[in-house]
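Data block below; observations after.
Just so it is clear, A, B, C and D label the chains in written order, and each chain counts residues from 1 on its own.
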Amino acid sequence: MSAPRRIGVGMLGYAFMGRAHASAYRTLMSVPQTAAYLPELIGVVGRDAEAAAEAAGRLGFAAGGGDWRALVEDPRIDLFDNSGPNAVHAEPTMAAARAGKHLICEKPLGLEAEQAVAMWSAAEGAGVKHMTAFNYRFVPAVRLARELLSAGRLGEVLHFRARYLQDWLAEAPHSWRLDAATAGSGALGDLGSHLVDLARYLVGEIVGVSARADFRDRRPGAVDAAFQAVVAYRDGASGTLEASRCAPGRKNAMSFEINCEGGTLAFDLERLNELRWSEGGSGFRTVQVTGEDHPFGEWWWPPGHVLGWEHTFVHELAHLLDAIAGDGDVAPHGATFEDGVRAAEVCDAILASHRETREMEVRVNLLTTP
Amino acid sequence: MSAPRRIGVGMLGYAFMGRAHASAYRTLMSVPQTAAYLPELIGVVGRDAEAAAEAAGRLGFAAGGGDWRALVEDPRIDLFDNSGPNAVHAEPTMAAARAGKHLICEKPLGLEAEQAVAMWSAAEGAGVKHMTAFNYRFVPAVRLARELLSAGRLGEVLHFRARYLQDWLAEAPHSWRLDAATAGSGALGDLGSHLVDLARYLVGEIVGVSARADFRDRRPGAVDAAFQAVVAYRDGASGTLEASRCAPGRKNAMSFEINCEGGTLAFDLERLNELRWSEGGSGFRTVQVTGEDHPFGEWWWPPGHVLGWEHTFVHELAHLLDAIAGDGDVAPHGATFEDGVRAAEVCDAILASHRETREMEVRVNLLTTP
Amino acid sequence: MSAPRRIGVGMLGYAFMGRAHASAYRTLMSVPQTAAYLPELIGVVGRDAEAAAEAAGRLGFAAGGGDWRALVEDPRIDLFDNSGPNAVHAEPTMAAARAGKHLICEKPLGLEAEQAVAMWSAAEGAGVKHMTAFNYRFVPAVRLARELLSAGRLGEVLHFRARYLQDWLAEAPHSWRLDAATAGSGALGDLGSHLVDLARYLVGEIVGVSARADFRDRRPGAVDAAFQAVVAYRDGASGTLEASRCAPGRKNAMSFEINCEGGTLAFDLERLNELRWSEGGSGFRTVQVTGEDHPFGEWWWPPGHVLGWEHTFVHELAHLLDAIAGDGDVAPHGATFEDGVRAAEVCDAILASHRETREMEVRVNLLTTP
Amino acid sequence: MSAPRRIGVGMLGYAFMGRAHASAYRTLMSVPQTAAYLPELIGVVGRDAEAAAEAAGRLGFAAGGGDWRALVEDPRIDLFDNSGPNAVHAEPTMAAARAGKHLICEKPLGLEAEQAVAMWSAAEGAGVKHMTAFNYRFVPAVRLARELLSAGRLGEVLHFRARYLQDWLAEAPHSWRLDAATAGSGALGDLGSHLVDLARYLVGEIVGVSARADFRDRRPGAVDAAFQAVVAYRDGASGTLEASRCAPGRKNAMSFEINCEGGTLAFDLERLNELRWSEGGSGFRTVQVTGEDHPFGEWWWPPGHVLGWEHTFVHELAHLLDAIAGDGDVAPHGATFEDGVRAAEVCDAILASHRETREMEVRVNLLTTP
């Protein structure tokens, strides 16, 4: 057995997502299936250099600081992991691309499709690996759904309906003082982009949307609290996408149902170890996707020893490191920057449909090799 | 205690819905709470006089025959119950109205809004009681949801999402040879009309729809297999409505979720004794709506002794008989012919939105006293 | 088609169970599958003759009165239905047997095994059909479970665990003033007898029990509030049975799980239309037992149109009437008086095991033809 | 902020449980709430020195080898973690105690109660901290249940019923060639010991058991495949405990229900983020125990971002390290070696009850300070 390929990692951001990524890098080191590569956590940066230094210790990075420009130039770094807020996705990521670093960036890729396209162009132009961190592709049950669909076992997809519901706005009704500048994106960008990516991963390209967005806070610059969309897919399927931050009792309730000619699959992120599955007209089987033969099943524990939300990052980052180490592709199971662009295009079309009160076509031929 | 008021019933149709209505008339006789009135099952008619005579015996009617015109003129009859196919809703019901009979008609009221309006005009003009048989209003859990919403306990409604999924088309992929003339209405009229009525009963008037219908069978005159709609309500709520006859594994899966400012209610017809209910940010309570204090709870058995689909008809018909006997109103808990008209208007707008690929306003001021 | 065989019915009791039976007799009349026989509701009796007369009208009986002795001698009556309280099960039922009437008696059959044996002897001696009203055998999902087990599809039964939980004692903590004389039986006789009967129906004869009963109310003559038992079956299976009247939140929660060599079946009476079913190591399928091919499926409505608790009585009484009309057997799907005896024997052994703090053998060879 | 206390860890075992412990040590380093102490992974040992050295790299230990005697004497080591097979629990753990090391040992503590007592005596005699790794105490939902019960909110416990079901034996029917010498313990020791510990943690001391064990494999020395027990608690509660390795479809299905005077709690390990909870007679609330106010809620992610089985080890080991660093107690939330002894005593009594076919008293006064 040869020594593992060492891959230097530099990260921007040490809060919620940064900690999730960092923990995942460390956990994947002890997974036997990832023995071919080994992440080295070189440095983490943030706005507050001192806090970043403190975080570095906890998160397992060798150093922490405040200068992302130095980080993206650091020759020890092979992979730049942008886990920072949406507003700092574009510039550092594009700089890292120019420095020849492989890339992973949290979602949504850019603040809107145009910015995402620029990031994709930079990455493609530099010839590096690139991943948009749509981590729900790496839920074992979601991967299993994709495998079942790809194998044609259930026939053509007829309908896809997905919703992503949270309730923190409902619990804070007087704090709907959220605006795009300070609070980042609304339900559409934060939650809806996940749904759009899963729709594309599981069903295919979206060609039309008819949508409403809910701007409860009517001040200029306020973000949306919710949206609903009717969606048409290139291959004839149709369905709905919905997200809300004011659905009381729903904590992180991303769920979907896929009706195919020969069966139905259903998933709920709050029970992420389960896939519900009906075939041949019979009732729904609740499958615990923790078996040895299930996606990522051999990486972990005996059947029924459930995984958590964090494991999606272990799978995702391992997939990226494997692509880097083995010179393989991020696609189709990983979302590339192109997938990040396409999700942004659909989100933009949803907003346009809301404004124009009509169905909007989604352009699917935007990208050409830069 | 005075003798119960006897109410003569004449029925058109003895198949699926006719049997359900007939069984309900007999069951409600033994419910102590309905002691003030007593249905007398005078006669049932159908296209096949001999079959109707045979059915009369089984269903508890005194006689059966083939002539609906004689039935609607029969002086012993106080209530005309139209449980026949959609195509024979209008003419016999309007004739019965002219003969001064009280009316109940299965849904959808007419073949489209215009016909429904004519039926409503006839009923209003005759000054009789009239009910459109949207029986799901009489599911105890649905009534409880309405009561909770009306009491303002959960605050303003924000979102309503409902779906009605069946799978018999999916199981018969080669028999999608359904056309409007012979097969009656599609998923929209058959299933969607229930959703629209519940949306109006629970949330309020619908003012706009953006929708797609799925006409998989592309021959002229074919009915829709599914539809999806984004819906706007007069009071600011929004949501989605969807129905499909090709959702494998879903047998009679009408479900909805109502997000309010202060809580969420969720219901699934396949578990019709349960209402799921979240308040104050906490998790969902699964309430068995079979308690003594619950709607219709005193009519039946001790808590936990569950009711079935048929009981909705017992509640519905008792409500109508009570309105007739006591000279009360069918509304608001019963659907009137006006409600039948409004449901048809929304369904028509959904189809128009599909054709025109834009949001359609729903006219809510169509009706004026004839 | 020949005329249906008319079967005169006389009933004792018009309260909870009496109303359930009466409603079932009327409902089964409109079920096409029961066309070969027709119950005629001749008379109902109770302690209060006036109330019985009033009830007769509501319940559809031709007459009501206070004299069960006259009823059981009435030559128009073919079937005596004892839906009265436990204390009046034995004497009227045995008198009806001597008068040559067919018999159905609510459970538990006698106040203890000895009385049940006397009832069985009387019925067998008279050569009439006899049924103990263990109605849960007639839940479609329970029948389906039995069919799957009988067909050997799941292999040998390994474990059976069943519980029957209610909460009305928990909600009335200060009214635990229940004693055997006035309140009838405790959790064991009322709820446990159902579990024992289902255990025997689904698994086989019980040969040993190790049990505790919970006599929270320590006054002499008080009934048990709960019991737990470890059970051994003749064919090698083992398991547990438990019942309680003080399980807060559990309304009528009879549930069981059967582990076989090749699969598991699980059922919950609060969701009586569903059978959960696992085979070949995969997850549990939730089957709605409302399909055309399911037990009693053709009697009712399209798939997914759920049945309620009352339907068990329709199935049960139709089964008995069919046995009477066609001279068939009540067993194996209906519980006979012999099954009533055996359930009583096991319940008695559970109490004995509690008293003697050791495993008690259950005698299974008590009965000999009288 | 002072520097964290460094605690040297030496581990025996690098397979299933060893990897789970190792991963937990590394994950807890990045949890802000555990900043007061820092585990240093000094060494890991196993029977195969080479494999242990290889594992050390993956698991984050500085070194690996084959000599546990050297490990337990290593002065850099403060805590000896015995994650090895049951047969090597006693000797190395007792040696480590004598060397003054703090101790954690996987369950069951000894091969039977007597050995467990010896281990407890050694630990107490040495004055070190000691923990039996009953990790399910550290499921957030279980901790929440304990807190609710301790606060008296639900009143006195009436019943506790728990079951732990797996299916790997059922799937391998011809490989029931398991014997105590090579395969370690059966369902009782492996699964039942968890149930006994949870029963004691949540309800209190067990004083009597009536049980059956299922020795399907009748060869001498074979282990049990399943057991069932009726259990009496010191404070008057009663209930059942059951475990099986041949329950098809059940993967790691540890579930329990606690009926108290004022409410019921229910838990299922296959949905470990949920606690179902009924109070005041109403239905069951499904609470996602992922909120900020929930046990361990602040350690992790926003509400609804679910945890997995591994997180129980993070909580458990952090609890132990905290006790070591702060000189606090392992009890009551951590299981000590005394708890390991008591679990073994109950398991032994269950086997004795099976052999003697009578209720066995459980001695609760065995332990005296050595």
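We adopt the following convention: contacts are C-beta pairs under 8 Å (C-beta built on N, C-alpha and C of every residue); 3 or more make two chains touch, one makes a residue touch a chain.
None of these values were measured; they are calculated from a predicted model.
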Check your understanding: What is the chain whose Cα centre is as far as it gets from that of subunit C?
Key -> A
Exercise for review: Give the chain pair, either A-D or A-C, that is connected by more C-beta contacts.
Suggested key: A-D
Practice item. Quick one: report the Å distance separating subunit A from subunit C, using the average Cα coordinate of each chain. Key: 55
Review point. Roughly how many whole angstrom separate the Cα centroids of subunit C and subunit D?
Key: 42
Point to revise | CA centroid of subunit A to CA centroid of subunit D, Å | key: 36
Practice item. Hunt down the residues of subunit C that sit against at least two other chains at once, touch-wise. Key: 250, 282-284, 288
Review point. Okay, in this complex, where on subunit B does subunit A touch?
Key: 158-159, 161, 163, 165, 167, 170-171, 173, 208, 210-212, 214, 226, 228-230, 232, 238-240, 242, 244, 246-250, 257, 259-264, 278-284, 353, 357-359
Check your understanding: Along subunit A, where are the residues that touch subunit D in the complex?
Key -> 16, 19-20, 22-23, 26-27, 29-30, 32, 35, 58-60, 166, 168, 250-253, 269-273, 288, 290-291, 301-311
Check your understanding: Which residues, counting only subunit C, touch subunit A once they are in their complex?
Key -> 274, 282-288
